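Please go over the structures that come below.
Next, two complexes with subunit A in common: one pairs it with subunit B, the other with subunit C.
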Partner chain A sequence: MHRINLVKILSLLLLTVTISVNAQHDASTKAHEETTPQEKDLKTEIKEYIAHHLLDSYDFTLFSWTTDAGEHKYFSAPLPVIIYDGGLKIFSSSKFHHGETVAEVDGNYYKLYHNKIYKTDAEGTISYDEEHHPTNAKPLDFSITKNVVFIIIVAVLMFFMFTRMAKSYKGNLMPKGMGRMLEPIILYIRDDIAIPNIGEKKYKKYMGYLLTVFFFVWIINLLGLTPLGVNVTNNIAVTLALALITYFLTTFTANKNYWKHIFWMPDVPVLMKIILAPIELLGTFIKPFALMIRLYANITAGHIVLMSIIGLMFVFKSWIGSPLSFGLAFALALLELLVAALQAYIFTMLSALYFGMAVEEHDDH
Partner chain B sequence: MEKLIEQFSLGLFFWQLILFIALVLLLQKFAWKPILNSVNEREKGIKNALDEAENARKEMQNLNADNERILKEARAQRDTLLKEAREMKEGIISEAKNEAQVQAAKIVEQAQATIEAEKQAAITDLKNQVAELSVGIAEKVVRGELADKNKQTKLVEELLKEVTIS
Partner chain C sequence: MTGLNFVGAGLIVIGAGLGIGRIGGSAMDAIARQPEASGKIQTAMLIAAALIEGIGFAALFAA
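Moving on, here comes the complex of A and B:
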């Protein structure tokens, strides 16, 4: 136990140190580059850095810096870009040179602009409309981005972790190794989330989803707290995919009672039934929508606040600023550690609740 | 909201959906099912073992009660047996005593009868002998007496006197 705690604290320290070092790097290089009013530039710089961190990217960059000659250097690995634009095109993201150059693939030209791929001409011209939105065509993009890489990593990790655990049950009924830590969590999800919400009879068919979603969200949230700069669950696309699965599972496993309570609520006057039907129907969409927004917003907010506090270090520029923001960041990182588990729990819990509503039997009515 | 929609990445959505569903299906088959089955089996095993222990305890109690009962019965039986035996013994002894007394009485009676008979016989014999001796003595005395005339007369007189008196 003590060793694990120590490892946790050490990794947290490492996290805060690395993020701050990264930020400092960028901030200082930028400050070096430009001699215009520093205070304001630094703030926008931090803001941009945070906004950039929250976005997905086409390569896996650990850190970047600018040389004295003004050249941008990246410590990064390119990832495959897969786009569909009149045929499937696969190429390395190194062709974009982090958005600095135009990539030429099979006679077509593509350019990264604000982390999106746009089709351009050979010079990389991007035309804008009045609201400063690019009007260039966007090819269908199925690239293996940084987030996709981490989704794959977590999926593989989970697969090996849990199949290994399953194997350890063969021959003896007691868990071994990691199973000792994971089994109580699995049992907790079964006994305190699935069974009370869904019911003893029907919980079994949802267990696979509930367990997977809990561990997936938890692990990927935790990875978001490492210095790797991962931020999977603060992409609305990811939380939408998860919420959609919950929605479809609820909808397609729902029994007659569920639909009856939506479209023709029993035990209320006919007029109320007519009024309630659209509200209830809307409710079925709002529930997973809330799931999606909750997970997305919580993780995003955590990242923004954590990085802002680290950014304060460069704004204060006094001997008291750095230790203060370091302490705050450390405390917040601890809080985020809790939030990582809490959001996974809430997502699982609410999914189970919706499944429970879908299969509930109303014998008492 | 606009920013959210702008940020939305179809590719990420696509991969997340595909990978996550694949992960759920794979884990369901290779991890969750075996794990939950094993856990269920273990829980069932524990429950069975507890039930069995409870049953064994109850059975033990029953057995103990039975044993107690049997012991009690055996004890009662032994007591009655002992009692019977004692009674029989006493019966036999008293019977034997009675018989012995009767027998003894008989023997004593017979002995007394024999003694009486012997006594009578002895008395008769003695009487006869005494009579013979008396006669002999009387003969001798008479003979002596009758040798002298005086004495004869005197005797006759005396005898006569006696006769007249009586």
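Moving on, here comes the complex of A and C:
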């Protein structure tokens, strides 16, 4: 993205010259118009780059650049695309050539448009409705995208890390290796999150989920701060899945007392009971919804701000740009380290709180 | 009227900032008064702040 596409600039300059001649602008505005397209181009390019980073993708790209000849080059690894369109079709995402060409599979043609797969004809035509939404058919997509790859990597990593850790406790109770680092965190989750919120008697059956969700969110948030361009938790589908698990666990392990407090609140007048029932019922959906939005929005906002600050370097183009952008990005990255852990903590904490509500006995309070 | 949603977003941020600021300030007071309860106060503070933040983000997405 750093090298400026020559053809694009030339055509834009030509266009501005034509416009300025046609409109018979005076000299000062002409000079102004001739300098802006390049800047504007850079700004939109940065915006597009950030938007692109926030999306999931069908290949794992570390970096890309444009050669002087206007050719896009990518340093990337293709990932498998799995779609269901009258039969399961599996092919490599290298067939799309980063959305530049049409992929042909068993006589059908598919094209990437705004990071979504559409079925097209051999030329790759995409038709639009009046709101500029594509009207082409979308095949069912089960592809192993970049996010899926990183979810699998983190899952495998956690599996081996924690099974090895569990084994090291057999025989002697002194923690070894990873255990030394992670034992305090696990004890903290048990003693300060699970037991106070869920209660001494029932916390055990939720510990597995709470620990898993804490370490999954934490590790994947931390990976998001590396230059690998991982952005799993700022995909709303991922946080939706996590929130849904919390919701289902709450709903299916809830006792009679929980439902009684939702549908027929004790110790309030009958009229209030009727008013409260729909509100409480709505509340059960809002809680996991807030969990989903909170994680998604926090991580997305962090990534956008961090990348915009790095983008300042290319906008300023003077001696002040780089140190300013570096300093701000450094401070913000430190803050994001805190946010990564804090969001994992809050997700776990609120999940534990909801589980606690679900299993609370009436004589507990 | 596209400019107005930015005004709305600004108002949301002001509101959420005031709310979280009050929570943080009160927590500081409480910790100063009872330093031995700081752990519990911090937990309660984080939960309350997270709830406000959740509302704030929901409103920002609507704006």
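Going forward, the second predicted complex is superposed on the first by the 327 of 365 C-alpha atoms of A that agree within 3 Å, B and C clash if a C-alpha of one lies under 4 Å from a C-alpha of the other, contacts with A are read in each partner's own complex, and residues count from 1 in each chain.
By our rule, a residue touches a chain if its C-beta (ideal position, glycine included) is under 8 Å from a C-beta of that chain, and two chains touch if they have at least 3 such contacts.
The model shown is predicted, which means the values in this text are computed figures rather than measured ones.
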Superposed partners subunit B and subunit C on subunit A - clash or fit: fit
Partner chain(s) touched by A:A297 [first = subunit B, second = subunit C, both, neither]: second
Touched partner set for A:V105, first subunit B, second subunit C, both or neither: neither
More subunit A residues in contact - subunit B or subunit C: B
Partner chain(s) touched by A:S143 [first = subunit B, second = subunit C, both, neither]: first
Contacts of A:L353 with subunit B and subunit C, given as first, second, both or neither: second
Subunit B versus subunit C - smallest C-alpha distance in the overlay, whole Å: 6
Touching residues (chain side subunit A, partner subunit C) in the complex: 192, 290, 293-294, 297-298, 301, 342, 345-346, 349-350, 353
Parts of subunit C lying in touch with subunit A, wherever the complex brings them together: 39, 43, 46-47, 50-51, 53-55, 57-58, 60-61
Subunit A-touching residues of subunit B, taken from the complex the two chains share: 4, 7-17, 19-28, 30-36, 38-39, 41-42, 45
Subunit B contact footprint on subunit A (complex, rising order): 55-56, 82, 140-145, 147-148, 151-152, 155, 158-159, 162-163, 165-167, 169, 173-174, 179, 183, 186-187, 190, 204, 207-209, 211-213, 216, 235-238, 240-242, 244-245
